[in-house]
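Right after this note come the structures.
Next come two complexes, and both contain chain A; in the first it sits with chain B, in the second with chain C.
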Partner chain A sequence: MKHMLLAGAVTLASTAFALGASAQTITLGAAVSQSGKYSTNGMHTINGYNLAIELINARGGVKVGDTTYKLAIKYYDDESTPARGAELAERLIKQDGIKFLLGPYSSGLTKAIAPVTEKYGVPMVEANGASRSLFTNGYKYLFAVLSTSEQYLSSAVSLAAEMAKKEGRDPSSVRIAAAFENDPFSQDVRAGVLDDAKSFGMKVVIDDSLPKNLSDMTPTMTKVKALKPDLFVVSGHSKGAATATRQMAEQNVYVPMVAMTHCDSADIVGKFGKAAEGILCAAQWAPSLTYQDDLFGTAADFAKKFKEKYGYAPPYQAAESAAAVEVFTKAFERAGSLDQAKVRDALAATDMQTFYGNIKFDKNGKNIAKPMVLYQVQNGELVVVAPTKWAQAKVVFPRKRN
Partner chain B sequence: MDNILANLQLLTSLAPTINIELIANGLLVGAIFALITYGMALVWGVMDIINVAQGAFVILGGYVSFYFVNAMFQIAPDTPRLLWIILSMPVAAVAVALFAHIVFKLVIERILDRDLFVALLATFGIELVMQQGMNQFFSAEERIIDAQLPTFAFMDYMVNIPGSRLLGASLGIVAAIFIVGLVRYSRFGRAIRATAQNVRAARIMGIDTNRVYAMTFALNGAICGIAGSIVAFVYVIHPFQGLVYTLRAFAIVILAGIGNVVGVIFAALGLGVYENYSGFILGPEFQDGMVFIIVPITLLVRAWIMRRKRQYLK
Partner chain C sequence: MAQARTSQWIASLAFLAIAIAAPFVLPNNMSQLVDLMVFILIALSWDMLGGQMGYNSFGNILFFGIGMYLVASTQVWMGGYSLAEYNSAKGGNLESFVVTAPVYVTSLIIGLAAAAVLNYFVGLFVGSQLLQTRGHYFAVGTLGLGVAAGEFAGTMDVLGGGSGMNFLQPPEGVNLTMLLYWLGLGTVMLFIAFLIWLHRTRFGFVMNAIRDNEDKAEAMGLPTNKVKSVSWAVAAVFTAIAGGLYGAGKNFIDPTEVAFSLPTIGVWMLLMPLMGGKGTLWGPILGAVLFQLFKEFFWTYLFGWQRVALGLLIVIIVVFFPDGVMGGINALRERLFGKAKSAGESGEAA
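What follows is the complex of A and B.
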């Protein structure tokens, strides 16, 4: 009896403590890869989230109605496996009582978690799932701050068309070689490229799909060499970018325009130096863009703050993650309540500028206000060359022969 | 389908010279596979253990080599790059051999007398731990060593042989000759072969078979270390990339038959060429699949031949 009383008292006390704590803090939940193949990018994601939280709390927190809350995040490690991600989302919601979720890293993980948050009516703002298949299921509680994946390299296709016109050729004469990894993200990028190629009437002469554990692209390179296309597009995460850059140089493959995804996270400039010269890289964000907001300041300010804290320049994965937290806090403030449905509606009505770009969601929750940018490696630096509005330099075309 | 036909057309009529490039590159890749496979076949033949962690050992060798070469550049930036790359091979060999010995003492020694299934599970477990360990220690970032070697071009740039691959293949061949010589002519090699032939007889003759096992496993580690440094400057090093090499090595051993050294070399070279062709014709995503389809086909053919001779597969 005595024991039961004691146990009861402890339970009561701990409940009171939990209530007391949650009255002051909004705890967001996130399952992010800290181990497994996405752990590097998972770390960028976490650093982005944490920097945003730190700045918001340093400014006093979030004002919801009449109460001011601090922010906190409860993390779990999804081990880079979708099944584990879904399980952890369920645990965050059911067991830990988390009412708002931030996204994981990668489209695959987001795809696994979205049905869970949808089922429980938990709003999720995600920053690292770009696959367009995420936005065709009519999810109501999913919001993505980044540009979707089919937009990644389509700007390269239009750039190729522009260059063809400049040379006095018809854009439909452009021949494209494509090599895309066989995963949801890269296949979306491919779909975007094919759509745009079709609208220009361009011909896709090579359409190879790369395996997940890619180690060698020689056969594709041989084909490219034989067919001499005008544009070569590659997407296969950082491994694809590194392998393509190395083997293009090694096999003496020359294509006047080469565009890739992930060449910044693969650090092709640092790894290969001259061999990377002239390659175009798709990116969600660049520190040289002129967007700004009142929390981080300009894109360059964010880059500076990030570098001070973590000791490395922020890749776009970190920037978009920080932007996701910012979008959440603004929605809390506008909703004036922590009711999940109200916050959801406030999120849906988002229309703001952040240091990361403009953010406005369509009815499927994807951001339609921000274009992708295209970098080019020029003299060992990544400089923005498209879209023209933010271009730091003119695109070098055709690419120089090594 | 159209794609495949177009690729075939390219090979046969439009640009026949690229056949030469496919074959040459295939042979060079095959030489690296041969080295890795030789280590796997050694452990398999002597200890009756299929080392699933083979690829992880290779990757570990790659990391050792990567950090060694980078450190040497920092200390002595003006020295020739090639020197450190070649020197990194013995360094990686010793490091991975030591690591393999630790693994032997911790795990392998305890499962020597158990059946093949236990060994498979154990080495699979080692592989998982190694992958995640390397991921924690070295991060999931892709690593490469840039050998900065020229590419040799022939026939109006249609046939290109990268210097790094040429170097990798030749160093691989040198290492393989050295190891084959060691097993064939040294006292230690004799002990290995005796143990492989008949453990009980070897013990009666005074061979410390446990020590032979330990040495064999360490030797395999050394082989993987060397292969890893080659992989680092020819391809890409990544904690989860090892499986590619394990599975290739497995397919080659099956193709060549256990205990057939010459067979391993030819099977590896053949596989390299075959893989390049299937990648070219069907697309790179089928490259792996086409490699593994060889395993059941070989086993079926072998079983069929044996049945005709009224033998059976042990």
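What follows is the complex of A and C.
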């Protein structure tokens, strides 16, 4: 009996030792939506984070000072509700002792979590909160790798102006129909579109606010059918993109130019096939871009690795999430310490190229080094059509009638 | 009867002692403790109608949300800023909207008081309209309240519209969670004392009479309509305070997902009394404590299945313990010690 106890004690002690040895891990925390209306994009976010972690660990980890650390992430499910997100951020920091956070999915959740990380001085690199207002608060611990939301659809508006000129019409004759979800992100996109429309003197003939969790936008479609606008812009995360594409086809609504956000994460090509043809999609990133880094390689390499692991082409949400982890690692290395303030300063000094794009933060923590791109669905493929520097093909205008 | 009341006071003191000790024992769980106080308030408020009076309301979330917006707005207004200007920044520019610690604290308290007063009248008004219906019709009628309010708030640009509204940032020197906890606990104790008193008044008996047989109560000439509306108005007062505390703790108001969130808070507030035992004083409190414990436990250890676990728990409670934990305790006691002497549903101390 005594021996058994002794043996037990030895086992325990050695386990403790083993644990101590493997404790050379930096655990990042993240509350990401795995249920609720953002669950699809939450999954893309998590897959992006995990792929980055896996690659970094496979290369041996992160070297901070003289120690090499492995990376890990502690996840919680915020259920797509801001109140839960704020609670979980607090829990990660206060109860789980997490010192560094990765962002959640969506602007609303980021808005709820940023005050918490700010309060405790916890650096957060986020990849999926694009709302402009996040970066006017002078937050010191918030860093975002993506372009802000008012830039999402503005290229579509200028494209419409260009097309009007080509047809020999004045850009101010363009009539816009707009349908935006009533949430922080989409309302910001709307503000960008309205500003641009104003600068061209275009008329916004429909300006609909869509309910959250939308699965029906028949009233908007009816109006679009009656008013025949030249440009139809929609933003409502993945559900909005899917609903708009489906109902335009079902209800035979034709607009010569249609632009929306989130069509790649909603997989409108795979789900709706021909109905998606000709639709313009705003994206933070595309696999055909020429950026590269030493971890993932080129944008195309990332896309390949991602597809091998998860079995689907990476939407930009996954790419930017992976980039966020990369930015964090580089900051750890440059800081040479796991001190939160030092890591924060190292993050602020970031100026690098990743497979996802150039990353350089302004004093509010937003990335000012990367433009948006505009895709078009052409023959069942997402093809970059703007900006011209990366365009793979000319835009097809007007889009074909089905 | 006097004896029952004494034991309730003793139980209240015991609860108070535990609640005072809690922040010292669990300093890292302060925000969960604040939530617990909020949950106790909304559970007890819901029980005033659902338990004591037999009117199952899905509409209490209305007062919760109004309270939240009102406290946030009062703080902005008392800080000397224009609400429209503050919200047109959509939660941005918080650096230029700063207040001092004393202003922050007083505006929070005045905001809570204003929310209480205003919601008394909202409750009275809504009650005078909706409480004309009974049973399922009432429950279904109240369902729309929160949904409508959420959509309405989402269109109000002065309140930030669909982009939501941030609370002012607490200035240096304000320990917000502590402040919210003590305000919450104070309100809970006030509410408990009020309920112990109320349940022994004529008003309290009329509430129970309405539950047991409203037609008879009316035939006896009891002022049922007045009692119903006033009860709901009182419930509205405490629900609104809870909403203000919850919002300030979460720092961010989304019209449909935080303020008027029927699927979460709106349903939880009736689950808690059901779990603990509705129609009793300690049932809703016990239910709130259990609910918060289970919720946090599930979210941590049953990651990915938390909603399923919570759903199962609800089903188990409704099927096997229709009278909640308090009902189970009372049944057990009756079996062991025979039937309790004092009658009345507003059960004795746990």
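Keep this in mind: the second predicted complex is superposed on the first by the 377 of 402 C-alpha atoms of A that agree within 3 Å, B and C clash if a C-alpha of one lies under 4 Å from a C-alpha of the other, contacts with A are read in each partner's own complex, and residues count from 1 in each chain.
Definition applied: a contact is a pair of C-beta atoms (placed from the backbone, for glycine too) under 8 Å apart; a residue touches a chain by one contact, two chains touch by 3 or more.
Worth saying up front: this structure is predicted, and the values here are computed from it rather than measured.
Steric overlap between chain B and chain C is absent once the structures are superposed on chain A; the two fit side by side. When the shared chain is aligned, chain B and chain C each come close enough to touch A:35. Note on the composite model: angle chain B-chain A-chain C, taken at the C-alpha centres, equals 50°, rounded to the nearest 10. Touch criterion not met for A:62: it reaches neither chain B nor chain C.
Once the two complexes are laid over each other on the shared chain, residue contacts for A:211 go to chain B and to chain C alike.
Of the two partner chains placed around the shared chain by superposition, chain C is the only one that A:115 touches, whereas chain B remains out of contact.
In the superposition on chain A, A:289 makes contact with neither chain B nor chain C. When the shared chain is aligned, chain C comes close enough to touch A:184, but chain B does not.
Once chain A of one complex is fitted onto chain A of the other, the partner contacts of A:327 are absent, as it touches neither chain B nor chain C. Applying the stated contact rule after C-alpha superposition, one finds that A:157 touches neither chain B nor chain C.
By the document's definition of touching, of the two partners only chain C reaches A:83; chain B does not. After superposing both complexes on chain A, the closest C-alpha pair between chain B and chain C lies 5 Å apart. Contacts of chain A with chain B, set against its contacts with chain C after fitting on chain A, overlap at residues 35, 182, 209, 211.
On chain A, the positions that touch chain C within their shared complex are 34-35, 75-77, 79-84, 86-88, 90-91, 94-95, 108, 111-112, 115-116, 131-138, 181-184, 186-188, 209, 211-212. By the touch criterion stated above, chain C contacts chain A in their complex at residues 28-32, 35, 89-95, 151, 154-155, 161-164, 166, 169, 246, 250-252, 254, 256-258, 261, 264, 299, 303-304, 306-307. Interface residues of chain B, counted against chain A in their complex, comprise 3, 7, 10, 14-15, 18, 21-22, 25, 29, 132, 135-136, 139-142, 144, 146, 151, 153, 157-158, 160, 162, 164-165, 235-236, 238-241, 243-244, 276-277, 279-280, 283-285, 287-288. Taken together, the chain A residues at the contact with chain B in this complex read 35-41, 179, 182, 207-211, 213-220, 222-223, 225-227, 238-239, 242-243, 246, 249-252, 266-267, 271-273.
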